[in-house]
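Each of the next two complexes has chain A plus one more chain, namely chain B in the first and chain C in the second.
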Partner chain A sequence: MSTKASRAAARLMISPSVILLLGWMLIPLGLTLYFSVLRYNLLMPGDNPFVGFENYSYFLTDPGFTAAIWNTLALVLGVLVITIIGGILLALLLDQPMWGQGIVRILVIAPFFVMPTVSALVWKNMFLNPVNGLFAHLFKALGLEPFDFLAQAPLLSIIGIVSWQWLPFATLILLTALQSLDSEQLEAAEMDGAKPLSRFWYIMLPHLARAITVVVLIQTIFLLSVFAEILVTTNGGPGYASTNLTYLIYVQSLLQYDVGMGSAGGVVAIILANIVAIFLMRMIGKNLEA
Partner chain B sequence: MGKITLSQVTKSFGDVQVIPPLDLEINDGEFVVFVGPSGCGKSTLLRLIAGLEDVSSGRIDIDGAEATELPPAKRRLAMVFQSYALYPHMSVRKNIAFPMKMANVPEDEQKRRIDSAAKALNLSDYLDRKPGQLSGGQRQRVAIGRAIVREPAAFLFDEPLSNLDAALRVGMRLEISELHERLATTMIYVTHDQVEAMTMADKIVVLRAGHIEQVGSPLELYRAPRNLFVAGFIGSPKMNFIEGQTAEAHGAHTIGIRPEHIEVSATEGMWQGRVAVSEHLGSDSFFHVHDTGLADVITVRASGEIGFRHGDTIFLTPREDQLHRFGADGLRM
Partner chain C sequence: MARAVKTQRKALNTAIAWGVGLLIFFPILWTILTSFKTEAEAIADPPVWFNFHWTLENYVTVQERSNYFRHFWNSVVISVGSTLIGLIIAVPAAWAMAFVPGKRTKDVLMWMLSTKMLPPVGVLVPLYLIFRNLGLLDTRTGLVFVLTMINLPIIIWMLYTYFREIPSEILEAARMDGASLKEEVIHVLMPMAVPGMASTVLLNIILAWNEAFWTLNLTAAKAAPLTAFIASYSSPEGLFYAKLSAASTMAIAPILIMGWFSQKQLVRGLTFGAVK
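Take a look at the complex of A and B:
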């Protein structure tokens, strides 16, 4: 790729995909920005007058907005903490030589293949249901009052469901990272007198830093937009107890047929995602440098 | 201090016995080299001594106390690995300090030992760098530094020079020998390179398939190899082996003669042959001689001044006093 002709050819060759990608992203973004400053409700057809930041001020002063922001952050943070800690522990376990390793690994990965709607429904009806759920039976067997998870602790329940879905992903990434650790380093640490806990803390954990960063970044992207699990379990309630930003936008735009308001919410969500991304890159981005 | 005794030590992986019962005594302050072809069990033996593998049976004593069941950290041995096994996320200083940190050595004592090790190994300028920013030789020195600061009863080296280029290897060989002179600590060194074994060792242990073939000083092994394997393994280029009538004339099944113990001549000698390849190193010349009727090829070493070319006729005369005689069982007669 050094001659002028080959560089020009290269640019020409990649231009279709670049143009396509740009169009694919920029046109929807531009339209969203445009709709967000219009009064545009499908229940009131007619002209869609320009209203400036009216949609934004409605969205930001919505009684559910603050709750939705905190719920979104709690959901992301809770799932991250559970999946990272659980993932590291599971990866350490699965790294041990044992009989039936292949099958166990596939079983561990299995939840990742279940689509969110289905897994949320399975959890809702089979585990968390206060009458027929397995947990209800367990509580009754122990002589306790069944606990209505989705009504009493809706956000925690959703954090649990989403963590169950994402644990395999974290485990898988961390397991491969663990397997790439040079065994001579562990042996050297062992000879140097490091106990198992110190070996984990001083040798394994620093080695896992990059993999943990990757897991945090990728999961954050997906966890900011958790939706299906909320829709099929709690519908965002009771009240706003389990409404996150994505769900709030859905309520505002689709349920009320208000395109302008939904677009304004979308823009707010983009801004929030970017704030989170900046914080994340500041905190852990240096781990990605070689 | 660093006397290590192995008695009837064996090691099996599943059904495969890689180390059959083995006895070995390593005296305090000795530089012992385990040498043998790859897969001969020399690294396994070292790991058994280090405690990284459990012995299947037998007993290991270190410093007069039984250490068979002791965990590696309690054996007071320091190991330098083939890959150096430095901790990549720690600076050189922290790498060297790690064993002391694990042993709760006081801070100022740590600093004193790091400084003296860094000075001894020429690492003072690199203490704050990460291992990734160092060259191979420097990493090797850090690994040695990490071993020194523990003030161990013995050092274990597992093929430490095999990742270095040839020039650096010679330099590090000297540095390790000097270190041994200075510290006078027991060192056990594993290598497949007989040159390293010959140049560094006080005592060489030649291994094959887990068996000890011979133990002795480098010159003992060179002068009086106990069997055909040791004879062929020690010395470079390899000893020539001749079987058949010529050997029987000397009352042996096989006779061995080292390339440097054969006189060459263009006109007369005991054996006649044809030069196939000649290698001129400047100081020496090696000739690979075919068609002698004795063996496929006879290697001869002569002074660098002597020039034969491909296809030349050459006459060889072995020095009778340097002939090695071996019986049909492969043992020295």
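Take a look at the complex of A and C:
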């Protein structure tokens, strides 16, 4: 159907997007790679000599790096487990017949639309604060000692806040997938005497597998880059207790002005994210052919 | 008998679902309520629920002390601006890929998506330095540019999946009847594409409004949108819960309303069409 002329026109229409995205990707990426092999600190003007992999070896042996890797892993896995299990349960619940389903759906989805700085600050002050927070009031009412969440369990608190933000996303996608399930199949299984649990295990879960994979991969991409929640609640502390990789690189480049080190960290972050990205791209690519 | 059991189960489902729903929504509800309290009522122990002196004082104070609406306006300019510019660049590309697919269309689409996978922190340093040298730090122009580039792949993908659902036979029929390319686009394609474009716009405004990596790192006082402005409340200065709540309520209200309208498109947009 497409002629040579329409092909050429199509190419012309695509090229602005391609050129912009190519520039957006290659220029900063090239500079990051270049800076990562220089001794380059904004506080020390002068030459920026080539130092090979010095920045990388400093970055990778920094005690902050080991802590940040573990915290990043804990944050990503913790939020994934909570949102996937919670999301499946919520999706199953919302799929049942009930009154006011639309309104409940709206209530459940709402946290996803709250900007990260607002949700982090609201949780930090109005819920987790050891003196005036609602949890402190609740603990006192129950006769317990108030707990200083962000000082005693900073990473767990952040996992909680981020899970609250992402639970709606998982729920919404799993619910969408659940609703596309052929109800006849379920009814047939019910007629054959399959118990609810085995209906869930053998029919629903396999049907949801694809959606779960998509949720895992997309959330991982975003969760690797959690930043605002840490910045406004704990500043990565106490010590490195709640510093993830993104936050560590931010501290090194914009607070300590170490361009070389920050760039080396950036390259490490890109490599880690790419490992996840490869799997995600395969999933989406497969769907494109269907 | 069976009907009674059904109604009972429905009532039980309703009760559980409403309970869970309200629990998840509670932090937002509490923020909205607190924004109408005095600072003393905001931290009262035991907490006051509805029986307090409702006041709009916090909203007035927030605006007077910090010029709230300038930051609100920054958010509007940055999110709407970046979305519209992105749309202008994306529509031709998505149109061409959907209706004149070539051998490499799929590769181009996948590559565009892969730019989304680049963690922002990986290019923080060079972008910060480029912005500093070009005088773009703390400017709305700079942020509009960054957010356009960040959301461009999503816009192209969403439009592409919508355009692909338009049967190309209709376009061919129009062409047979002698419609020019311009007429084909304006009279045939556009009316069918408007719903998809509208939801693309809505979702991208939401994403840009809430973006909190670049807005926090590339702005200071002047061009700061609400994400960055609200972050300045993280250093506590005495009693401020009610004011924080007022500032937060105004920051999330417009996007909450838009979000509820776009909830169906959210799935498609955020999964790049992998779940519909």
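FYI, the second predicted complex is superposed on the first by the 259 of 290 C-alpha atoms of A that agree within 3 Å, B and C clash if a C-alpha of one lies under 4 Å from a C-alpha of the other, contacts with A are read in each partner's own complex, and residues count from 1 in each chain.
Just so we're on the same page, a residue touches a chain if its C-beta (ideal position, glycine included) is under 8 Å from a C-beta of that chain, and two chains touch if they have at least 3 such contacts.
All of these numbers come straight from a predicted model, not from anything done at the bench.
Peer 1: Among the partners chain B and chain C, which is in contact with a greater number of residues of chain A?
Peer 2: For chain A, the partner with the higher number of touched residues is C.
Peer 1: In the superposed arrangement, does A:41 touch chain B (first), chain C (second), both or neither?
Peer 2: Neither chain B nor chain C is touched by A:41.
Peer 1: Once the structures are superposed on A, label A:207 by its partner contacts, choosing first (chain B), second (chain C), both or neither.
Peer 2: Touch partner of A:207: chain B, not chain C.
Peer 1: Would you check which partner chain A:185 touches, where first means chain B only, second means chain C only, and both and neither mean what they say?
Peer 2: In the superposition, A:185 touches chain B alone.
Peer 1: Which of the residues in chain A end up touching chain C in this complex?
Peer 2: That would be residues 1-2, 6-7, 9-11, 13-14, 16-18, 20-21, 24-25, 27-29, 31-32, 35, 90, 93-94, 96-101, 103-119, 121-127, 132, 134, 137, 140-141, 164, 167-169, 172-173, 176-177, 210-211, 214, 218, 221, 224-225, 227-228, 231-233, 245-246, 249-250, 253-254, 259, 262-263, 265-267, 269-270, 272-274, 276-277, 280-281, 283-285, 287-289 of chain A.
Peer 1: Could you please specify the touching residues of chain B with respect to chain A in the complex?
Peer 2: 50-52, 71-73, 77-79, 81-83, 85-90, 98-99, 102-103, 146, 150
Peer 1: Which bits of chain C are touching chain A when the two form their complex?
Peer 2: 9-10, 13-14, 16-18, 20-22, 24-25, 27-28, 30-31, 34, 43, 45-47, 89-90, 92-93, 95-97, 99-102, 106, 108-110, 112-130, 149, 152-153, 156, 168, 172, 181, 206, 209-210, 212-213, 216-217, 226-228, 230-231, 233-234, 236, 241, 244-245, 248, 251-252, 255-256, 258-260, 263, 266-267, 270-276
Peer 1: Would you tell me which residues of chain A are touching chain B in their complex?
Peer 2: Within the complex, chain A contacts chain B at residues 182, 184-185, 187-195, 198, 202-203, 206-207, 209.
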